[in-house]
Each structure stands twice: as structure tokens, then as C-alpha cells.
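Quick one: structure below, then a few questions.
Each chain carries a letter (A, B, C and D) given by its place in the written order, and its residues are counted from 1.
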Amino acid sequence: MKKVYGSAAEALDGLLRDDMLIAAGGFGLCGIPELLIDAIVESGVKDLTIASNNCGVDGFGLGKLLDTKQIKKMMSSYVGENAEFMRQYLSGELELEFNPQGTLAERMRAGGCGIPGFYTKTGVGTQIAEGKEVKQFGGEDYILEEGIFAELSIVKAWKADTSGNCVFRKTARNFNPPAAMCGKICVMEVEEIVEPGELDPDHIHLPGIFVHRIIKGEHEKRIEKVTTRSREDA
Amino acid sequence: MKKVYGSAAEALDGLLRDDMLIAAGGFGLCGIPELLIDAIVESGVKDLTIASNNCGVDGFGLGKLLDTKQIKKMMSSYVGENAEFMRQYLSGELELEFNPQGTLAERMRAGGCGIPGFYTKTGVGTQIAEGKEVKQFGGEDYILEEGIFAELSIVKAWKADTSGNCVFRKTARNFNPPAAMCGKICVMEVEEIVEPGELDPDHIHLPGIFVHRIIKGEHEKRIEKVTTRSREDA
Amino acid sequence: MPWDRNQMAARAAEELEDGMYVNLGIGIPTLVANYVGDKEITLQSENGMLGMGPFPYEGEEDPDLINAGKQTITELPKTAYFDSAMSFGMIRGGKIAAAILGAMEVAENGDLANWMIPGKLVKGMGGAMDLVAGVGRVIVVMDHTNKHGDSKLLKACTLPLTGTGVVDRIITNFGVLDVVEGGLKIVELAEGVTEDELRAATEATIVN
Amino acid sequence: MPWDRNQMAARAAEELEDGMYVNLGIGIPTLVANYVGDKEITLQSENGMLGMGPFPYEGEEDPDLINAGKQTITELPKTAYFDSAMSFGMIRGGKIAAAILGAMEVAENGDLANWMIPGKLVKGMGGAMDLVAGVGRVIVVMDHTNKHGDSKLLKACTLPLTGTGVVDRIITNFGVLDVVEGGLKIVELAEGVTEDELRAATEATIVN
């Protein structure tokens, strides 16, 4: 079973349809599936619901899919870096389901792990709790949050072997493993593909069973906020 | 904050009391906290409830605590390798709460992650579901399982750095990370202690925040079932 | 003549397809690995491993490397290790295509019992309840009758259940049966076993 | 004269004790790291890192290494990376001793609002709701009044809440207050600020 595909478009072939739910990895612009996003823009598929912590920035990352109006609804925790996002939301063109960041990550993991619902204290007594079941454990209130079961996951790792085992680099890991896990099909883009045996089996962050198709390509890896200290501070 | 202690007894000082709940790592005899178990035997603490997939074998691992009758109750998925366990259970001396293996692992992780309850399809319609809340998601039945919040975790890793970051080796990882996470205090025994920086930050299996006290020692690492093939088969 | 253990395992191996991730239970299911031939099958061991290799050569056993049956094993180039929560995440999450398991009893509605005999044998369900609830396809491999000659394919299980309505296919020494609407359907007879013999050895309803 | 941003951050740093794992929010809380001195504090960044180091030298930025504010940062010898589910596992699980956060409003019962102004500003809660629900101690650092001179310490929050009854201590440019039974209690006054001045600038009930 060959998992390696030649391009993002090939890897997405047959997987896209209007009105589908896609889970995307990345935090801000860090560890985002740049190549797969571009291919989804190209495909023209529309009315997408996307579960992703952020929605890129204007003109980059998932922001490109806002510009082309291919997104119907976002499930996110933070949209503060994106003027077009806020415009579409405030004008009613875009639906937005706010999820606390940890709840979003856990909902993705839960979906991937066959857990349809779990209780959390996060958001109790806030807007987030509206319409959600409340249950007491040990005398305290918790709300029920549901697992996310996506049709497709688009994610980015540092390296994968041809059997799909993946490793991530530093904080580019972030939402990628839970997003990968919750998709019926997971397409992974990486910077390097290696042969089985080249990754230490004790160092795999995401076992190959969660990864169905793999592509390799060049990543821009844009930095959102370059912040430095001067050498004199040292 | 020094996390490294001189011995298992020192590391457990002040943490043990009768009638407490302890979560233990290991699968069968693989990756079990041998040194900490011995120290608990020595301590004489009794009426323990222990959440652990197995209970060692007769005279080794947690089996030692059965021999001394320090255990009141086990929360386990499999007890088949242990004659004394079965004897105490069938005679009513020992309580046994059967947990499906995946449910036990997830209950530990949930406790460690502040999740007091989650739904699973595992065990629906079986003895395991008795007395548990049933809820439908997508027209299917799931049962509510509760997070395990242990007072103490006793676990075993391969290496730890002095800040508590741990790595495990091969299948000795098993229940150790979830067991470590669900304890209010986690005591970790390892084969090697290294300085911060000696473990690659991308390779840490269990971040140091979950680990409060660390000891190093010699491990017998007994093999339960030596199974080999002859070289002629190759 | 009914199939022997190895023939049952060989027949079970035919259920597996290229690219599948599979979990094999203890006993006859473990033998299935010997018959997968050229198919690229990845074996999961629920104690925390994907890509399980064969038993080690004598003297090369590693106490940190065992399977779910606590036997010493080896790794392969594609192996990945993970913790028990992750392992059952992939099982419960439906990522494993098939589990091949032994059983004490199977009922015609797909109910499965394989973890305890009240008052007699208390071993525990281990990972079996999670597996039957989570994997894509549950294939039971077992003798058709118990040591008293009684059918293990029943109208209803008498022992505590491992799962309800979970079994898809049963491979016994007498042949292969599927769980279908209304009962079990004969898919294949072992060489030398007649349909009448199989029917006579089966308590469960057999449908055509 | 009320404290400036750096004095507030320095005062907040006094809240931290040796060995603590701490999460610092964006803005003034980020500055707290500059004032921890010799105390061994481990900073958590909720995008997946324990042991956050300082900003990199120019030219040494790594796009794969950012904090929760999306700023480039560096690692330390004790650093560990992990995914977002694990990161919020440790937050929700109560493993983080303290979070130091900014706020738009704090109420006298400990309610906190810091994620949106309906119709005007929609940024999202990010990880703030998880942090205030999960960490051991929530310390808010903010100006005592908004740009119109109105108190940000209120009898009740007017904006959508981030959490209810979650704030333990508030450090403002006017001083330090604790959330206690019945209202806020003054713990400390900024140098040059009188109790009358603080009371006059505060809408929330102040108890003795």
C-alpha cells in the first residue's frame, strides 16, 4: 500500500467535496499544511467547515481560503490576527464556532480515539457552555464537549517514513497530531520522506496508522511575529 | 527544587498512608516500578487500592503486595498470570474492579488531564456497563467512564533528566505515562538519570511537570514468557 | 477431517488484505502471522506497538519488548512504540482494520464471550472488550465445539459477554461462518467436513 | 505615583516560588519573566512547550519555535515539546501552579472577562478559558482603570466571561488585591498610591 503521493493535488484526489468537515493542524502560521491548503484553493471546493485553532493570516495559510470564500464555518479558539476573518464574521458571511483552545485539541483527540464526548471544567458559566449538558462530578460542574470526527485531516510534520510514521519539530507539533487522528482520511505533508528504519521507533510522535497519504514539498514557513533580543542584553 | 532522591524509601517518605489509591505503571512485568513496590512492601502500609493493568505474578512485582496482604482492591484488566490473586479474589479477601484495558488507560489519562468523565463504546451491553450511565451519540450507545485521580503514581522510565523529563524504552512505556499523569504526586524510578539537555526536547515522552520525585536503581526486569524462534527457521 | 490449528490460522490469514493494520489475539490467532505471505500487514500489539516482528532468536530476548501475550518479540523497520492510552485510542478510534480473536462462545447475533467463567476462571478481558468495540472487523477463530463436544456457536451466550453483536466472521475447525440477519451463514466448509456435520455440531441457527 | 508596566511585572514575579510551573499571558505578563531572578521557574507555553527560553538573537529565529503569542523564542536545556492535547492536559489537569494573565474586567467574585467585546472586538479566548479553569492560582495583571478612567475592577463583569470565580489575585498599577469572601481585599498599595485613591478608582466592593 503506497502512501507516498507525487503532489498535494494527487494526494487530495477523490477526497474533497463541497460542504465537508476538514480538521487542520498548525498553531498560528507554525506547522501549517501550506501545500495542502494551496491545493484546496486550487480545487475550488466550497462551503467548507474547518476545525483549526486559527485561520491563518490575511493572504497566507487558511487565510487564502477566506479570501476565496471557500469556508462556510470555522471551529477555532483565536481569530485575532486576521482582518478578513473578522470582517466576514461580523458581516455574517462566515459562521464561527468558538472553542477554547484546549477543548478544541481534546475534541480532536477524542474523535480520533473513538470518544464521542467528555466532560471539562473549561468554559463552565460562560457563553461556551450555552446549550451544553452540565454534569456534576465531586460536587463541581463540568460541561459535555463532543469529539470531532472529520472527513479529512490536513496536517504537516517534519519527517515521515514511507509507512506513515511521523516526527514533528519543536512547537510545530502543536495541533497536528490530534488533527491527524480525528480524520477519516489523513493527508500529511512533510519536509522529508525517509525509509522505514530511519526514524527511531521510540521517537515516533504519530504512528503511521493515522496517516493515509503523504507528500513532500518546500515550505515557506512564514514567521508571524519575529521577536528578538539584542546581543547587548546578554 | 530537587527532584532526585537517594532511594525508593526516601522518595516515598511522607506519601504513603493506609487506604490510599495508587496508580502503577507497567504491563505484565514489563516496565514495572520494581524498586518502589519493594519500598511499599517494606513500609507496611495497608488497605491499598491499586490501579494497574495487572498485579504482577506470584512473588514478583505487585504480586509481592498480594503476598503481604497490603492490597484491599485492584483496578485491573487482566489477572490471569497470578494464582494468589485469583485465590484472594475468589475467597473474597480482595476486591477486584475489572476495567477493559483501554478504558483503564484512558481513565488514567483523563484523570491526569482534568477530565472527570468520558464516553466509550467499550463494554456496552456487558457486565462492565452495569450501573454506568448510558448515553447515545449518533444513535449509538456509549457508557460513561470516570477519570482516575490517584493520590500517588508509581512508575518506571528508562531515563529521566533531573528536571523530570522522561523517556521510555520500547514496550516498557505502556501504562507508565498515563499512570504518571493521574497521580497527585508521581514518583518515577529510572535506570539512568542525566542532566537537562542530554535528552532531545523533541524526544521526551513524559514532560517533567508530571514527575515530582525521581530515583535511580538496578532493575531485575524479569521476563514473563521467554519465547524464541530457532535460527533454523530463518 | 476438520482443520487443525495451523489450517485454521492459514484460513484466517486469507481474511487479511494488503495494507491492513491488524490485531491478533493469543493462541491460534497468533499463528495467523505465519501465513500472511507477501501481503503487507502491520500487526498492532495493544501494549503499545505497531509493526510487531517475529519472536527473537534465543539469547536476543529483550525484557522491554513483549507483546500483549507477554511473549518476547522483535521490532521491524516500520515499528513505532507508544503508550497504552494512545494504543487504545487507535483501537477505539477504528483505525485497526481487523482483530482476530479466540472465543469461549459466540452467539448467532454476534455476541462474544471470551473473558471469564463465573466461579471458575477469572482472567479478565484485557484489551478484548476495547478491540471488539473498536476495530473494523472482528474475526473469531476457535474450535467448533468444546472439550465436552458441545457447540461453541450458540443461540445465546451463557457466559459474561465481551461485546454485543460484534462478531463478523467465525473460523472454526469445521469451516467459516458469517453473522448475518437471523443467524449464521455458512461461507465455507473445511475440506472433508460436510454441511450436515457442521449443522449437527452447531447450536446456533444456520440461515441460507 | 502608580506602578508602571515593569513595576507591575516585577510585583507579579514576587508571586512565583522556586520550582513552580507557570503560564504567562500576552502583554505585561510576558514581562514577568524578566523579574524572576534566581528562582527556578519553568514557563509553559500552551502551544506545546515546557521550559520556554528568551527571545532569540537576531538572525537566529526559528519558524518552528514560537510561543503562544506567536513570537519567536528559544529553548532551554530542560525544554520538552508536546502536542496541544497534551499541553492542555497538563493545564486542565492542574499541573500548572499559576497563570498570570491580562484582563479587560475582573469582578469582585473572581469572574474574569478578557476575550471579546461584542460587536467590536472578536479575538477569541485562545487558551485563556482552559488556563483559568485548570491552573492552581490565577493572577491578573492589568491597569486599574480603562482609557476612559473607569474601574476595571467591577461589582459584576459586563463583557462575556472567560471564567467564573476564577481569579485569586489582581495586580494593578494601584496595588495588589485578593478576591475574598464578600469582595476584594487590599493586600498592598503601589508606592505613592493612597488607600483612598485606590478605593476611589475601584467600583468593586472592597472589604477589610
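Going forward, contacts are C-beta pairs under 8 Å (C-beta built on N, C-alpha and C of every residue); 3 or more make two chains touch, one makes a residue touch a chain.
Since the model is a prediction, treat every value here as computed from it, not as a measurement.
Peer 1: Sort the other chains by how far their Cα centres are from that of chain B and give me the top one.
Peer 2: Centroid comparison gives D as the farthest chain from chain B.
Peer 1: Pick the pair with more C-beta contacts: A-C or A-D?
Peer 2: Pair with more contacting C-beta pairs, A-C versus A-D: A-D.
Peer 1: Which whole number of Å gives the spacing of the CA centres of chain B and chain D?
Peer 2: It comes to 36 Å between the two C-alpha centres.
Peer 1: Determine the centre-to-centre distance between chain C and chain D, using the mean Cα coordinates as centres, and give it in whole Å.
Peer 2: 54
Peer 1: How many Å are there between the centre of chain A and the centre of chain D, using C-alpha atoms for each centre?
Peer 2: About 27 Å, centre to centre.
Peer 1: Which residues belonging to chain C are in contact with no fewer than two other chains?
Peer 2: Answer for chain C, listing residues that touch two or more other chains: 75, 81-82, 88-89, 91-92, 133-134.
Peer 1: Mind pulling the residue numbers of chain B that touch at least two other chains?
Peer 2: 106, 109, 113-115, 120-121, 168-170, 201-202
Peer 1: By the document's touch rule, what are all the touching chain pairs in this structure?
Peer 2: A-B, A-C, A-D, B-C, B-D
Peer 1: Within their complex, state which residues of chain B touch chain D.
Peer 2: The contact residues of chain B facing chain D are 1, 109, 111-115, 161, 163, 165, 181, 195-197, 201-202, 204, 207-210.
Peer 1: For the complex, which residues does chain C have touching chain A?
Peer 2: Interface residues on the chain C side: 18-19, 21, 40, 42, 44, 50-51, 75-82, 86, 88-96, 133-134.
Peer 1: Write out the stretch or stretches of chain B touching chain C in their complex.
Peer 2: 27-31, 53, 76-81, 86, 89-90, 96, 98, 100-106, 108-109, 120-128, 158, 168-178, 205, 221-231, 234
Peer 1: For chain A, which residues are in contact with chain B within the complex?
Peer 2: Listed in rising order, the residues are 106, 110, 113-121, 135, 137-138, 142, 146, 167-170, 201-203.
Peer 1: Under the definition above, what is the set of chain C residues touching chain B in their complex?
Peer 2: These residues of chain C touch chain B: 45-49, 54-58, 60-67, 69-73, 75, 81-85, 87-89, 91-92, 119, 122-130, 133-134, 160-165.
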